[in-house]
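Before anything else, here is the set of structures, which you'll find just below.
You will see two complexes here that share chain A, one where it goes with chain B and one where it goes with chain C.
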Partner chain A sequence: MVGISVGEQHFLKGGIAQDLRTDGRKRLTYRPISVETGVIPQANGSARVKIGGTDVIASVKAEIGRPSSLQPDKGKVSVFIDCSPTAEPTFGGRGGEELSSELALALQRCLLGGKSGAGAGINLSSLLIKEGKICWDLYIDGLVISSDGNLLDALGAAMKAALTNTAIPKVKVSAEVADDEQPEIDISDEEYQQFDTSSVPVIVTLTKVGAHYIVDATAEEESQMSSAVSISVNRVGHICGFTKRGGSGMDPSVILDMISVAKHMSETLMNKLDSEISAAEACEDDES
Partner chain B sequence: MVMRKLELPLSQTQKVRFKRAIERLQSLSSTANSDASVIVTDSIPVNHDDAFLKGHGTSEVDGELLATVCGVVERVDKLVYVRTLRARYKPEVGDIVVGRVIEVSQKRWRVELNFAQDGVLMLSSMTNPDGEQRRRTSVDELNMRNIFVEHDVLCTEVRNIQQDGSLQLHARSEKYGKLEKGQLLKVDPYLIKRRKHHFHYVDTLGIDLILGCNGFIWVGEHVEVRDPMIIVDQKNDETVSSSTNNTLKDQSHTTLETRQCICRIGNAIRVLSNLGFTMDLEVIMETFNLSNSKNIDIYDMLGSEFHVVVTENEAERRRAKRRN
Partner chain C sequence: MEYVSPEGLRLDGRRFNEMRQIVAEIGVVSKADGSAVFEMGNTKVIAAVYGPREIQNKSQQLKHDRALVLCEYSMAQFSTGDRRRQKQDRRTTELSLVIRQTMEACILTELMPHSQIDIFLQVLQADGGTRSACINAATLALADAGIPMRDLAVSCSAGYLNSTPLLDLNYVEDSAGGADVTVGILPKTDKMDAKLPMETFETVFALASEGCKAIAERIREVLEENTKQLEYRRAA
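Right after this comes the complex of A and B.
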């Protein structure tokens, strides 16, 4: 990431203070978002999301697995992010590991809720096939191809789109067996069920620069931030997850204000995303 | 003129208008030379009886002269070469370039120029803060950071091109130097043609516009050419380096009007870069005035509608120029 000079930093901060960012946006305006679904045909679901210069791909793969003994009535979901060196040369080798694990943790918190499964955006019970014995394991992978700020929002949007695009094959439990044996299952090749994503939240990141917050920061603006707060909000307006990054501390009243701004922004973002995703799905259906 | 694919969603009517405007532009740009455009492995028509020199982008295969790059065939006396359309920045002595300092080393600064190699600005090629013409001492070398630090944006001129290809820069006059209070934009170098003037001061808006030949464009608030004596006093009084930050903070922020003009010009440049049109002050100011007259919001300038409008306007402008 190229640093910027003191003069440019001053200009940037002045712009944010005056509600006119370097590309002419207001503080709470998103860059144009474009969504493409079905980009990885081998995966159960996939999507590519571009927000300005940021470009990410998310894919969902479903495999048969065993539910954990602590929660025998729920399936499992795991999130893994990879920052590719094509985005930044510093991501090569082990350079991108810290950022990848930070993003994966934030996404896990936002989409899956706590350890007990409470507050999850994804309904894990729908992944169950046979209680205690068989469930679907979802592996959600995110790949950052190009990074120009606001990675978390882009990854959250990509995962939402990928989950909407996911088709899990229907499974029939063919024979009833004794409790300690694994039942036989029949995985259908033709029938698929769509995943229910109406409750998957969107992530809105608010970056604090100086005394103001901006939404959808570019990489330059992020380099000047004092702190950033990412809030995932679902369609009903409930907060599903909350992450704070950045070195400086914030007054609690500021955090409450940021939460209300994020809730307001999430409505517009949710509507925009939903329309883009359905347009992308329609486009994909036309092509196939 | 090089066309490139617009990565913007266009509605059906916009697509039709855009296509029509592009066709008009292409018909206007056809010159005698357009027959000379070649792609790789095209045979270049040469009279083999006359002696000719094979230049860049050509190679002789089986008695025929073939092009090895896509471009336009140029002939200068006996030299036949192929000039590529989208090339990397090709420096010439006397070019004005805008660059960013990446390293402060012994008696020189290394500057990033959007080129294969970094440019080198020697301490001796930089005007002394005192304004005196004298030999640089070790004290001057230790105070290099007071002039330029890493990540500073500066405007310099190409002094000469060394044998290994690296550029030597110099900043001898007061016009050149550190650029603050603005934004740096990056476009493809072949969109900026060499002209007489690359520094432009738009006095109606109070904005400096510097079109670097290397593709870096600086748009910022106008700064009066400073008297070097005053700066030296300020810097000598402070002992801590954070003083520079303080002086900037004490200065007021750019006014909203100037900032709006800077952002509008910046977006005009971005639009022209997306469309692949060559840039000079005239084209940029026309796009700026167009956006103002149509009352388009600054951020909407990056939308598909304005791109189509600019293309149509450019077609009109070139046709009007042709008639004159």
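Right after this comes the complex of A and C.
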């Protein structure tokens, strides 16, 4: 937790009211974002995203699994977040668990769509290998290395980048077998399949401090927030998920206003992120 | 299985006394008082140091005349080949303890009474030798935080396979079941996993010590480079 004095609190809030924040940004300006892909060689896909002082890594691992009986035609995706104590001493022991599960749930909601699997950011049917028998289980692990506010947006961006970086081996299902038997599979070493991540949403968090709301809050600004709204928006401008955090209530009209601002901000963020991701991918290709 | 080819090369092409590539960087976690990344081949560890600061939990204070050193080791879900399921297991607890004892012996704790120093270690990739990498990363992070130390505590592992002593084991060699010794130089802590005749132990131990010295040199270089950078920035 950031401890700041009463004087600093006034300075911070006064700055936000005048549209000039303590680090010189306007209310709706992001800190510099940098993306690096392929940072974890053991994973099928990985990315590291830095937004100012916030530093997160996301990795995607694929394992062969069995589709759930409710959705025999879809693969499974699960999201786990780990807040490393390197980021904040209070995350030591079990201290980070509450925040971790809150973040994981919010990301799951933003990324994976409804219970039926409809509206998910990635096409879950593309994870299917044999209906009702075999599918890929995707495990998305996020790790917070350094935290300076706006974790959710950073993790959302890292996941999008990691999914873009992901390559899953192609699988051949050998000869037909009887319905009740598990078919044999052959995992290719050479051919890989990639995901279309253009419909994966980005997350924009608007943090309300005093009467105004700001984008990309630092840890200091977050310590003064009354509430925060995270909105995930996809490329066509549709709202995919919505999470509100923080104790105090909000007027519905403010929320509507925030949604339209978030929608506008998401376009800039999405474009920025896409160019960073493709630059990172190109850079990685050069090295290999 | 053959771990050393007749030509004297190991599985990853190294010779018996060859270390993996070391990459070290200081100041990766901006909010921490000191931090470092340490890579030995594919093993990659981040260390962050917070402190010295007021003791948070008074009940942990055992001695009033020196600083309290705490250490927490954690492995990322994606650090190993298979995803790990449980978070805190006995191995993690044991490792935290070993690292804590090593660092405690190295820090001049008597200079900082009534304060605590937290060392957090996060393994990003594990490919054998995480124990050594953690100690080396912690040393760098402590130096970055400006915490007074007796000397640089460094660590390196060595093992004995196919009747050859091998320096800096990777995961495959580590899990081969041969003897392996992790040596931390300065406060001499060593740990062994399998039985080894006394004479062989000496050669393996000497090899690991040689490795430690090489690492200490590298760490000193990194620190000097970092100090030069800081000086340069101050002048500019």
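Throughout what follows, the second predicted complex is superposed on the first by the 288 of 288 C-alpha atoms of A that agree within 3 Å, B and C clash if a C-alpha of one lies under 4 Å from a C-alpha of the other, contacts with A are read in each partner's own complex, and residues count from 1 in each chain.
Just so it is clear, a contact is a pair of C-beta atoms (placed from the backbone, for glycine too) under 8 Å apart; a residue touches a chain by one contact, two chains touch by 3 or more.
Values in this document were obtained by computation on a predicted structure and should not be read as measured data.
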Thinking of the overlay built on chain A, is A:72 touched by chain B (first), by chain C (second), by both, or by neither? neither
Regarding the shared-chain residue A:8, is it in contact with chain B (first), chain C (second), both, or neither? first
For A:46, select first, second, both or neither according to whether it touches chain B, chain C, the two together, or no partner. second
Check the residue A:18 against both partner chains and state whether it touches chain B (first), chain C (second), both, or neither. first
After lining up the shared chain so the two structures overlap, which partner does A:87 touch, if you call chain B first and chain C second: first, second, both or neither? second
Applying the document's definition of touching, compare chain B and chain C: which contacts more of chain A? C
On the A-aligned overlay, A:29 touches which partner chain: chain B = first, chain C = second, or both, or neither? first
Given the touch rule stated above, what does A:143 touch, chain B (first), chain C (second), both, or neither? second
Between chain B (first) and chain C (second), which does A:61 come into contact with in this model arrangement: first, second, both, or neither? second
So which positions on chain A get touched by both chain B and chain C? none
Which stretch or stretches of chain A touch chain B in the complex? 2-8, 10-11, 14-15, 17-18, 20-26, 29, 32, 34
Residues on chain B engaged by chain A in the complex (per definition of touch): 9, 100, 112, 149-153, 178-184, 220, 244-245, 248-249, 253-254, 256, 259-260, 263-264, 266-267, 270, 297-299, 301-303
Please output the residues of chain A touching chain C within their complex, sorted ascending. 40-43, 46, 53, 55, 57, 59, 61, 63, 80, 82, 84-89, 92-93, 139, 141, 143, 145-148, 219
Contact residues on chain C for chain A in the complex? 28-32, 35, 42, 46-48, 50, 56, 72, 74, 76-81, 83, 118, 120-122, 124-125
